[in-house]
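What follows is a single structure, written as structure tokens, with notes after it.
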């Protein structure tokens, strides 16, 4: 149950990180979205998500199933006979806290230019429907779980992070870059407005990740939970160094935002196999995650997909890497497993890419997804919220 | 020697900068100011109370230059600073008596 | 015991929220008060509060009782025989962390104009004496607990939040509004100086609330604790939307400060009956809480009671609503229960109103409670603390 | 295991506090260091530290021992037979989180003028080697633990905080004061740039301290853990008042930074004997800690050792006081114990002073430890990181 | 055409603004400056070290106006800006040579 | 009466302040401005993208003073503000027509 709270804190972590890495004139907007997202996640999950994700035995091995609307209590819900050491509600609330994560990831990548309404609309559908459907494939006993060599994703490198990452990729692509990011005379930097806020965000995310991974043990077995804690801690630490070295080699600066992204990439990377790895393997996975995230940021900038916070690199690239790593390292490593992992990555990717494309594209064609140019230049805070994040301070832009 | 003070839209700074740089004017000073004028600031709301912030943020550019450059600089600002909507700002010109370069005591137009 | 820590975090939440919703020139003052308040709470509670609140069986059904000064250990204090799964000290520290909450609530409503000394003096008395007396009426086995249909207040919608709310109301009223808030030409907005700080505050409060409510189960029964987690999460989420919709309908803006207040009002609302409600009922209670808080803010502004952070609306209105809701929804709903709830609300309200009036009023008449005009205009930080919160930044006012 | 997470949060607390109490132009630098330090701590501890600290029975009573490199799992590591209620990994990760604390303490005292590279180099060695050697003396069954009256240091007033404090003292001394701090015309104030950040930091540290101390019970015995929680809470609260009164008497201002330091000094003070004290004793120890920290700040300013955040006063003075207090108060109080405590303080002090002197001095003579004057005046952020912490705001300096 | 620069107490800005608006002067520019003068800034203390911040925050108002309005504007500032205590600030007047409205190239007094 | 405007390195403010205080000049106004000039701002990097911030932060000092003090003040600024490297800044002098002390309506040089 503590794990549930830690996952809750991650939403604050995301809110802080994304606010810190964007400009002061869009801060209210980012915080507004990231405050509503967990609320949306909790409510939609209660209404429909939980049943979509865990439809029950009738749908075992299937693609989609719905066990009813709302929450209907099983018998003996309040005793731990429901699941060793866990009650029905413990299970529900832990899963519900997870749910909103996918939308938070998208929020970072589309920041500073997306319209509020369409984004919230997308979030409701993505969190309420797409995420639980994907989740069901593996965690709800769906077909990915019943492969010969079952697809393995311990706490959601693919099921959670890549789902968010694909949505982020599609959203950032369909929106186009922020004004002034890629100009005729080359790429321009748009620095985030508060490094302390971003740092607080990453520490809180790391903190929450212990719950994210630790809680996914879904039992209070101290042996396994402690192992997961260790791999989570080591992978994050190694990710910091992976990103630090790569960024230094490429840019010749000690870039704290890259170190922060590297920590997250290390964490996303270990998420799929947190219970399968030893210390050394966790360090390698984290370190490579940290390298990949820096290369990812450079790559997406090169193809002019503008992701202000690096969400695609962290969650999509990190998620794919972590999922594959289960096939290469640790207790399940085998060629068969690599294939299963690739199937999982591919199927989930195709589904998420498609559904988020459909949603963003039809929103774009109908009500539009991007604020108009003047609003973007003046800032979303003034225009969408008639507010300022820091009214007492003299700020630029 | 003249001093040109222009109060411009902050969003037009870059264009104006390019234009006067094109004239060879590489030296100037600018800072954020607040303007009262015909354009009204966007109303804001806080906890149900709507209010107009008392001013519009603007940028002020100060260029001290030799008399013969004044006109072309003003043309730059007029042409690049215009949107045609209320609130584009003003240019004022003043006489400057003397100028010094701190680095090497240069005085007069050579110091500009 | 984890719950204790979560309640501790709430003090940081209050500090951040209140600092964020007030002006930069009063930030040191707010933080100073909110740093001392938990210290005061812990020390007075150890010295006298705990005994006032839990005077022992001798005072059962009574109005006031004192079981001695300081902390005297019962036998077997360090084993769980003291209380199923709980030691004496666990009980003490959990209650002690609660204690200071009432003063923190007041602190927000009287912010930006109250003198430091009188406020701290008030806090010591209110936290040290008034709060435990009220607490004893219900939780210490006092007369509210021995009504025919006992007054029900699970984790303190009335016993904690309304107690703070009444003090806040009286304090804000006797102080008068901040200079420039209600002028001849109408009401003026005085925006808070940092929306990120306020957002961090609310997330931390929500986080802590799981401990506040979850810990009030006073046993580690996983069934009940998990239910309480779910209702707490859902009520907060519904509160966000209740406030969002109401604020949008009334003001036509997406006001993040109202959403933040709405979350808190939802949480305060569910606090009295967190263990009695299902998901649907929690959602309704939270949603209505969110509506009420917006109406409350508008109402108090209309009658010119100036509450910079909305504390009265959140804690007093939310607290009353939550307490009543126990009579309308959930396992205890009955007409009799409504009456008992009304009795509880009324008695506690009368007592708190009276005692805080007496205290604030005599302070006002003797040493004065309000800083002088020049100090208020220049800011309390410079005048009461000779310090600035953000000396490196150019700030207005 | 929850305790582990709390200790993790302390690193965020340190990062926030140190960033808040230094200038905006050095914020990225501070955050960069404090983000890498826990990563360094985790990795070095996994590689070598854990074995240095717990070399096994073979080295009992010794000065230094090394049980191998890397982590080798004992049998039955994943069951609680390893240690009542604890697995091997639980133990490792808890200790690993502790490890980096010593370097974080140093980081605060040398802030705003030390070069990044040499500092990180120092940190790796200090955390990777010096800290575990000292830790082994007591916690790894070394000679301090096998004295006739064993040296007692429950959670590390000496073993953790003084270790950091000595390094901080040596570092700050060898670096010299920040430019402009002690001028011909007297001492000048260099205010920290964000009091809210500093306040958040101290609350998070206090929060984490419950894990630091509570987790050091090394068993889930609810009686002892709850006692430790109470003493930790009370000592922090009393420290706040100790510092408040002292600062008011000396400076006639209500200085929040001193109150924050006072809380920390109270916490450091109780750390050595958190399980031995009652409420009253905890209050006295904390209160005196709060007094000492203010006197310490004044003293170090007088001898021109410039410690921007007060780390030496908090951790070294507080640590010595707390360690001694075990001899004066509580269950072990005796003259013999005072002697043992003095031995422990002296031996650890001598070792840490020496090793950190050697390291800092040879770094100073070789690659240099201080940034050049222009870099210091312009700020480390621009010069070492080519970045700004708050690029959207107009800031001084 | 004259330029009036007034360095005033920030707290008096609203009154002065009202007064000159009453004269029909709707256009001006202002910004925050730091002043050294006879008034001394409130001493601050940080960790036991008392210090005087080097300056007092003030607001500077700049109004370019036709010669005939100068006196009444100055009267407004003098009357509304006064507390009678040290630190009320100063008004300076300068000659302005020309003015342009960026929006439509208006020149001279019509551009003010 | 003259107005001296000096755009200086922020780091030289203290020295210049001392020097002119030594001349008995206790009153002046200053504020932060941004300068374009021959010195180039230190390049920054953010997530792999190097960029030059568009300007250098500088401090602008404004002193209105009687004609006879102008030269010595300028000497102070020239001597104390110099590093000899590109970017030391400039001094400009303008004519001021009149001055008023808000506190007591003093006018002319007595108001300075």
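Order as written gives the chain letters A, B, C, D, E and F; numbering starts at 1 within each chain.
Everything that follows uses one rule, which is that contacts are C-beta pairs under 8 Å (C-beta built on N, C-alpha and C of every residue); 3 or more make two chains touch, one makes a residue touch a chain.
Because the structure is predicted, anything quoted here is derived from the model rather than measured.
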Third chains touching both chain E and chain C: B, D
Selected pair, greater C-beta contact count between B-E and A-F: B-E
Between chain F and chain D, distance of the C-alpha-averaged centres to the nearest whole Å: 45
CA centroid of chain E to CA centroid of chain F, Å: 18
Centre distance in Å when chain D and chain E are each reduced to the mean of their C-alpha atoms: 51
Two or more partner chains touched - positions in chain A: 2, 191-192, 194, 200, 253, 255, 386-388, 390, 393-394, 396-397
For chain F, residues that touch 2 or more chains besides their own: 31-32, 44-46, 50, 94-95
Interchain pairs in contact, sorted by label: A-B, A-C, A-D, A-F, B-C, B-E, B-F, C-D, C-E, D-E, D-F, E-F
Chain B partner contacts - residues on chain A that touch it in the complex: 377-378, 382-383, 386-388, 394, 396-397
Chain C-facing residues of chain B, complex: 44-51
Contact set on chain A toward chain F in their complex: 187-192, 247, 250-251, 253, 255, 257-258, 294, 297-298, 301, 310
In the complex with chain A, residue positions of chain C that touch it: 2, 6, 23-25, 191-196, 199-200, 202-204, 206-207, 210-211, 214, 222-227, 229-230, 233-234, 236-238, 240-241, 244, 253-256, 259-260, 263, 278-280, 283, 390, 393-397
Residue ranges of chain E touching chain F (in the complex, touch as defined): 2, 6-8, 31-38, 54-55, 58, 60, 74, 77-78, 81-95
